[in-house]
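There are two complexes below, and they share subunit A, which is joined by subunit B in the first and by subunit C in the second.
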Partner chain A sequence: MASTHRITRAAYLESLNEFREFIKEHCAGVSGINEEIIYDIQLAVDEACTNIISHGYADLDPGSIILDLEVDSAKLTVSLTDFGHSFEPSSAPIPDVDAPIEQRELEGFGLFFIQQSMDDMDYQVTEDGNKLTLIRYLRKKVGG
Partner chain B sequence: MKTEVRHEINRTIVEVHGSLDALTAPELANTLVNQIAEGHVNLVVDLIGVEFMSSAGLRTLLGAVKESRSHGGDLRIASTNPGIDKVLKMSGFHNIAKVFPSQAEAASSFGS
Partner chain C sequence: MLKYFRVKQQPEKVVPDLGAISISLLERDATLPFTIRQLNNLPENIKRRVYRGLIPPALLTRFGIDPFQWTNTNKEPLVFLNAESNSEKVLITAHTSPDPSTEFFALELADNSLNGIELNLIVLNDPTTPRYSIDQTDDGQPTMFGTLKRNLKAEEQALQAGLAPGQVRAGLGGSRIVFEQIDTFLSMLGHRAYFLEPLTYASAWVFERRGFAYVRGHKLMDDIHREFQPGGMLHKRLDDGSPFRKRDQAHTVRGRAWAIHDGILDALDVRWDKIRMVKQIGRHAGAITFPQAEY
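Moving on to the complex of A and B:
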């Protein structure tokens, strides 16, 4: 049976730790979720929320970020809803992780880490806000 | 996040504790830039007490590696947290800077 949890916080960098602690609180001890998976989810949530705070609400009064977490035996789903500027995930540059240090860009790792840590990502701009959905499968996808 | 700075002969140890995220990483960046500006260009950043690091922390480390090398020094990492090691590996950090499994090994790599 799936369990669902929600936390809403103001879009401030001070909220990042609360989002990470929320993930830990509701994932620790769940069958099929080990510490590595918890770190991956925390990393993806932290990076996504940092983007929303730094870019989504740039030039706007800080609004809120709603995090919905759903855990069932097969997968873990995180949905982040915000009401700031939308973004286009496919337009984000992919960092060159093999480049020598002289050519290293210091930006662009956030979305890359989200993609590396999660199995599926979906982004929708709706009348009810921007919704980023991240899925991590706890078992191998059948036929996937 | 808290940092402790210790100057040894030919190297400076910066122990970091807590979380390195977009809120706290600028504080570490300031500490590292100040050390380099004061001539402490050989740095060991000990992440063993760090429980979480995001791309903001990684960006700080990459910037400080560049800065220390531009001043003739180097920045080396001590890390044992599997999550942080994964962040370092995903970003290719191991290809451009040295990562050691203990502070003592990172420190002695600068010579005694």
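Moving on to the complex of A and C:
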């Protein structure tokens, strides 16, 4: 049986700490979720929300970010819904992580961190908002 | 009540109309949304049958109105549908008697430029309570609910009677079942969400409680809450300088709403015209911008 939780906050940096605490509150103590996984989820949500705040709501009076968290025995699913400019993750530049540090671009690492922290990612633009879904499998898929 | 009276040009469609509703269209993808315009182009009896689903039957039977016939026991029509062919709006009003001043319900939905749905107007008035003419000046000029002009005397009386800005009468209650009905109606049409622009701070707070999130203005609502705290810029402006800026108004939704209606947001160099809200069908966003609020 999955447990589902939701929090809605304004899209500005001060809300990030509340999202982190929310994730910790609902993941800590859940079977199969250790501190490392919680940290990975917090990092991914931090990066995704920062993108929404910096780019999605750029030049707009910020609206909401809705964070949905679903936990079951096999996976942890985070959905972030916003109502700003849409963003196409596949069109984002891929940072050169092997480049010397002084030559690395400052932008573009957010998506990289998300991909490193999560197992699956999906992005949909619909009538009811831009929805980024991030999945972390607690039991790795066979052959995955 | 919302900014249904906002003067703006009809937005140009950025997506094509799907054409008239037909059996073959109904047989196709059931998730494809229908527009208000498509409904309005249906034959009259079908249109009426469809729009009957917009009013909770319990709201009508409460006033002795037959929810199928839309009449009272004397067979007088008390529910009125304005849904002209080719129009992108539908307005439904209901009265407790043939006298139009007994209107207790009004709802207007409209297509937007993305074939989404706008809730332009929702009114739930208790027609048995006193009416305050905040919507017109003493010489009968419309005030657009105090946003264009103000009838200060009527507004002060409304405030003292416990009303929020924009209200001509006390609320009827029952907004929960009305919003559930709208959700059901729009899901039947294939929509995933609908949008509105709240007229006042108090209405934004009510819509939050009904599950709306913010497309624009969530940060502004947080800023307003913060600045109404002791020491905040809005709190300082509650200086008893007018009936709408009493010191104790920071503690209540209505008090804040009246102060904002009176222009107190000048202190933040913003205006109450940036708020846009969204309701996801079947989902409650859980946004809270005034924790432990007293209405």
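Here is the rule we go by: the second predicted complex is superposed on the first by the 142 of 144 C-alpha atoms of A that agree within 3 Å, B and C clash if a C-alpha of one lies under 4 Å from a C-alpha of the other, contacts with A are read in each partner's own complex, and residues count from 1 in each chain.
Note that in this section contacts are C-beta pairs under 8 Å (C-beta built on N, C-alpha and C of every residue); 3 or more make two chains touch, one makes a residue touch a chain.
Just so it is clear, the structure is predicted and the values come from calculations on it, not from any experiment.
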Touching A:20 in the superposition: subunit B (first), subunit C (second), both, neither?
first
Touching partner for A:83 - first (subunit B), second (subunit C), both, neither
second
Of subunit B and subunit C, which one touches more residues of subunit A?
B
After superposition on the shared chain, which partner residues are touched by A:129: those of subunit B (first), subunit C (second), both, or neither?
second
Touch check for A:110: first (subunit B), second (subunit C), both, or neither?
first
A:61 contacts which: subunit B (first), subunit C (second), both, neither?
second
One more residue to check, A:39. First (subunit B), second (subunit C), both or neither?
first
May I ask you to decide whether A:6 touches subunit B, subunit C, both, or neither, giving the answer as first, second, both or neither?
second
Report the residues of subunit B in contact with subunit A in the complex, numbered from low to high.
19, 21-23, 52, 54-56, 58-59, 62-63, 65-66, 69, 82-83, 86-87, 90-92, 95-97
Which of the residues in subunit C come into contact with subunit A in the complex?
33, 114, 116, 191-193, 213-222, 274, 276, 278, 280-281, 285-289
Within the complex, which stretch of subunit A touches subunit C?
6-12, 60-64, 66, 81, 83, 126-129
Contacting residues of subunit A [partner subunit B, same complex]
13-14, 16-17, 20, 35-36, 39-40, 42-43, 46-47, 50, 53-54, 95, 97-101, 104, 106-107, 109-110, 112-113, 116
